[in-house]
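Paired with subunit B in one complex and with subunit C in the other, subunit A is shared by the two complexes that follow.
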Partner chain A sequence: MRKITINPVTRIEGHAKITLQLDEVGEVATARFHVNEFRGFEKFCEGRLFTEMPNITPRICGICPVSHAVASAKAGEMIMKVTPPVAGELVRRLIHLGQHISSHALSFFHLSCPDLLLGWGGDPARRNIVGLAAAHPDVARRGIRLRQFGQEISERITGKKIHAIGIVAGGMLQPLTEEAREALRAWVPEARETVRLGLELLARHCAEHADEVRDFDRFETLYLGTVGPEGEHELYDGRLRFVDARGGMLADQLDPARYLDWIAEQPVEWSYLKYPYYRPLGPERGVYRVGPLARLNVASRMKTPLAQAEFERFRALAEGGPVHGSFRYHQARLIETLGCVEEIELLLDDPRITSDETQAQARRNQAEGVGCSESPRGTLFHHYVTDAGGLLTGVNLLIATGQNNPAMNRSILDVARRHVRGNDISEEALNRVEGAIRCYDPCLSCSTHAVGSMPLVIELRNARGDLTGCWARGTGG
Partner chain B sequence: MLGAGNRRVKTLVIGYGNALRGDDGVGPAVAERLAALALKDVEVRSATQLQLEWAAEWSGYERVVLIDAAVEGAAISRERVWPGDGGEGDGGAHELQAGVLVSLARVLYGRAPEVWRWRIRGESFGIGDELTPGVRVAADEVTERIGRSLDDGDDLPSAGGRRNAGLTSI
Partner chain C sequence: MNEIVSIQLDGNELKVELGRTILDVCREAGVDLPVMCYLEGLSVVGACRLCVVEIEGSPRLFPACTTPVAANQAIRTQTEKLKRYRRMIVELFFAERNHVCAVCVANNACELQDLARRVGMDHVRFPYLFPECGVDASHPHAVLDHNRCILCTRCVRVCDEVEGAHTWDVMGRGHASRVIADFNEPWGSSTTCTSCGKCVQVCPTGALWPKAASMGNLRKEPGKIGELVAKRKLNA
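On to the complex of A and B.
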């Protein structure tokens, strides 16, 4: 039996390794997406005041710090039994949308466009951001500008681009100034145009590679996402909806605070990532996906007109049902980005957003709190348990990449089985396996769990099941 | 800081690393110390990792000084960063390589700054927000050396000699 290892997977956020296990006739038998990075932030947070968490948790990740801060603040607000003032909610929503734009812009224009514009068979030394910049400088520059827009929202509100200090339990420390509002408004037309350009570019690729896009990988899963009261697409705040592989409603308007009633996690031996699943259906039938594709599959509609028009085109791909092809994550990401730009424009027009009343004050009023937000990669939960003094005695972070972990392995297997054949393993085939993972835009910097709870062991077995190699990482922090 | 012809050089200093991963946070720690010096014509920042959009910003500076943690090598080292150094971004500690940003600044915006990187070898990268004692001492030394260089007009000395003192332009 032959083992092929792709290590590291390039252009994903964090560290990862993929292992393909071939059987005796050279067919791919199993595929694994390993997580070797080791964080253990949950243990690190125990013993701290719950009110510190919106300041600490953004440092878990430089990619989606606002989603962590928002989920953390919401968990704190549940513990305090307090609701932020309207302006606090609006400003938080604004900064959250900005983060989605930044993250989605990076994912599409700089991590995925090298595949789309330079070709799957391209030289890996040039099939990257620098190669993209050389061959398509306008696309690269526009992507950078779009990302700058998202970052500038954060910077103008909080004074920081990356770690969104200022989001607190109870609202926001800083209001949005009139000057900042006007400066951000000026970005909107260009941002909208850039997203439209991205959608056109993707549509052209899909038309020119229709068979490939259709067959990229299209296994069926359940989907989870946040929706508004009428089932509308929602990123900042709402209730949870699960749909099945045919688009049927499994559960709707679920209180995020009761996520453990619906989601269970099982550890796997070969990764620090856990395997979450939809509890009522069990680990085999309960595999679900989160993130842009899932959010568009669970939503009844978008909230803004341009995004709604794209949403209708997207859903028409599956005649109104869920779109299963992982390649369509890219399209979903761009549709969400368009919706974010439109929603930002609406928020900036809301006269309440510049009010100075951005924070409500309260003390600890109950022991436990759960906060939920949609991060760029999917639904994010922060769950805190506190003692009487407000110190954390238990922390659980259920993050998007962890929830997509079972589906990512299915995607790798699906793609590898079609493109990897025994000794005929081309650079292009390996690129496609990596590309399957990149559809999910995984971020591993915040996706591992408690320190010391799980050793990582990689075993190599031949066709008879004999152990021929073993690599282990010890336990403990 | 004075460059060729005794004019002041517009300099950006960035200390980067994860402040919650022990000695990985030495870059931000040095940046914090340098910011407190309030040096003229020097902007100081800290970050968890390098950001793509900085390529645009870097093209507006004449010199960028990076401070990062290292897993191995000398206790303190410094090097010039050239376009393309480190490859495309290979899953290392901070993903996007400084050399990529230099390349992008040149290719997309027409000019790139002279980029220097200081590295401080860490001892512990576990979860935690404190530097080990040895790294704290190294952080003080690097702060002092960079601060003195930027303040008194000396050019930053390089381990291998200065290859290009001016702007890298195309």
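On to the complex of A and C.
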């Protein structure tokens, strides 16, 4: 038996490595995605005041800080038993949608388009956003502009593109000005066209590589996502829905505050990521996925017309049932992005959004609070317990990438079994294994509560664990 | 009226009244010395040493806030040595406790942060002590976070000298010193605190802050204390 290690995995957020255990005939026997970083936010936030958390927890990550701030503020609002004013909710929703756009644009255009447009077996030194800019300058430029649009929303409201100051328990510190509203509205048509370009690129890739996309990996799981009162796709606020692998409703309109009734976690010795599962079905049958694919699989419909038309095409892939192929995460991500752009346009047209009344004040009125928001990578929970003065005595952060962890391991195994055989491991095969991970757009900074990127190292080990071969690529450390 | 004497301030000849402090004279002459423990309206303690100046003929440095002017003094306020020392003092403030501006409620509303910018502190050369410091949130309206306290004692003095409650004191020695409420009680259990909020207003950092504040909307008005004291004198 041999073991291959891909360490670290590149073009994702954070540090990780992949171990492929080969059997005696060189076939992949097991695959494991190791997250070897530890940050300890849950521990060192203890002893801080719960109202500080919307400023502390976004520091977990620079990609989805708004989702952390929103979940954190909501947990605080539950502790305070307060509801933000309408304008506070609308402005917060606007920033949150902007962050989804910037994160999804980063995932698709910057991190995944190099594989799709330059080829899985392309030169690794050029298979990145810089190489993309040289080969397809218009796609790269428009992708970068789309990401900028998402961040511009935050900057126009709070003065900062990343780690915005102003999302607080009780609402928002800053209102949206008329000037900002006009500037953002003017950007909407360009953003919409860029998302449609992305969808066209992806559709072309899927048509040209139909067999590959179909066989990328297609194992079945349950899905979890947030939906609105009528089951519509929802990113900012709503209730939870679990569907099974056939699309049957397992549980609907669940109160996110009771997430522990439905989700359990088991630790594993080889990773800092825990293995969450759908509690009623146990760890084996309860593997579920979150994120864009899951959200589109649980939703009954999208809220806006262009996204709805794409949603119908997407669901037709599985004749109305859940779409299981992990590659379809990319498509789901772009459909969501389109929905975000449309919803942003609607929000900017809402006359209530520029009201100055954006924050409600209250004190701590109960000990415990749970805040939930759909982050770009999936459902995010912040759970705080406080003492009488409001200091945190317990913090639990259930992060989207953590929830996808069991499924990511299955995806790696599926892809590795198709592309890795014996000692001779091609660079393309390794990239495909990494690509399976990239579909999930994992954010290990968040999920281990870690940052950075490192080169790729592959180790081949025999059955006794002795190193028998080693490959390395990339630079830096 | 006290006797008028001549001094030299950064090479400029001045006529000043005896009995005044060098800091007073500097401020009147438009020489802006950095201060941290000093606050108009409160007694002076010369604790932070940021306002140190050189006086010709003496090898030591003098805190301007506590040193009276004397005839024929030649005072220098902006030498390279003084700038170096001031920056060192600010670095030591940061190294002594746990100041994390990025997540502090007083970010962009902090005298220590402003001071660090002013003295050109781009990094801290001293090893951080990372002490374990408690946070006291027992008071219904405000929080005391020892992580961010620089022991300027403005809170202690304003509570005693202006409010008259004397809730605050300092316990311990050296870098183990801590501001305490009453006899080291949780602030919320204090029998002397009037919840007037003056200590919160004078605190130069995020050590004392109102529970209702968040990063981005914290506003403190330490200058109000000097105004209050002046008005009381007028009315006396």
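Just so we're on the same page, the second predicted complex is superposed on the first by the 447 of 477 C-alpha atoms of A that agree within 3 Å, B and C clash if a C-alpha of one lies under 4 Å from a C-alpha of the other, contacts with A are read in each partner's own complex, and residues count from 1 in each chain.
To be clear about the criterion, contacts are C-beta pairs under 8 Å (C-beta built on N, C-alpha and C of every residue); 3 or more make two chains touch, one makes a residue touch a chain.
Model, not experiment: these values are computed from the prediction.
In the superposition on chain A, no contact is made by A:185 with either subunit B or subunit C. The partner that reaches more residues of subunit A, of the two candidates subunit B and subunit C, is B.
After overlaying the two complexes on the shared chain, residue contacts for A:214 are found with neither subunit B nor subunit C.
Of the two partner chains placed by superposition, only subunit B is touched by A:43; subunit C is not. By the touch criterion defined above, A:141 reaches subunit B but does not reach subunit C.
Residue contacts after overlaying the shared chain place A:81 against neither subunit B nor subunit C.
Of the two partner chains, neither subunit B nor subunit C is touched by A:352. Once the two complexes are overlaid on the shared chain, A:59 sits against subunit B and subunit C alike. By the document's definition of touching, of the two partners only subunit C reaches A:168; subunit B does not. Residues 56, 59, 163 of subunit A contact both subunit B in one complex and subunit C in the other. Per the touch definition, subunit C reaches subunit A in the complex via residues 102-103, 105, 107, 134-140, 143, 188, 211-212, 214-217. Those residues of subunit A that touch subunit C in the complex are listed here as 47-49, 51-52, 54-56, 59, 158, 163, 165-166, 168-169, 173-174, 361, 363, 387-391.
Across the complex, subunit B meets subunit A through its residues 18-20, 47-49, 51-53, 55-56, 84, 88-91, 95, 100, 103-104, 107-108, 126-128.
Across the complex, subunit A meets subunit B through its residues 8-16, 39-41, 43-44, 56, 59-60, 62, 106, 110, 124-125, 128-130, 133-134, 137, 140-141, 144-145, 147-148, 151, 161-163, 451, 477.
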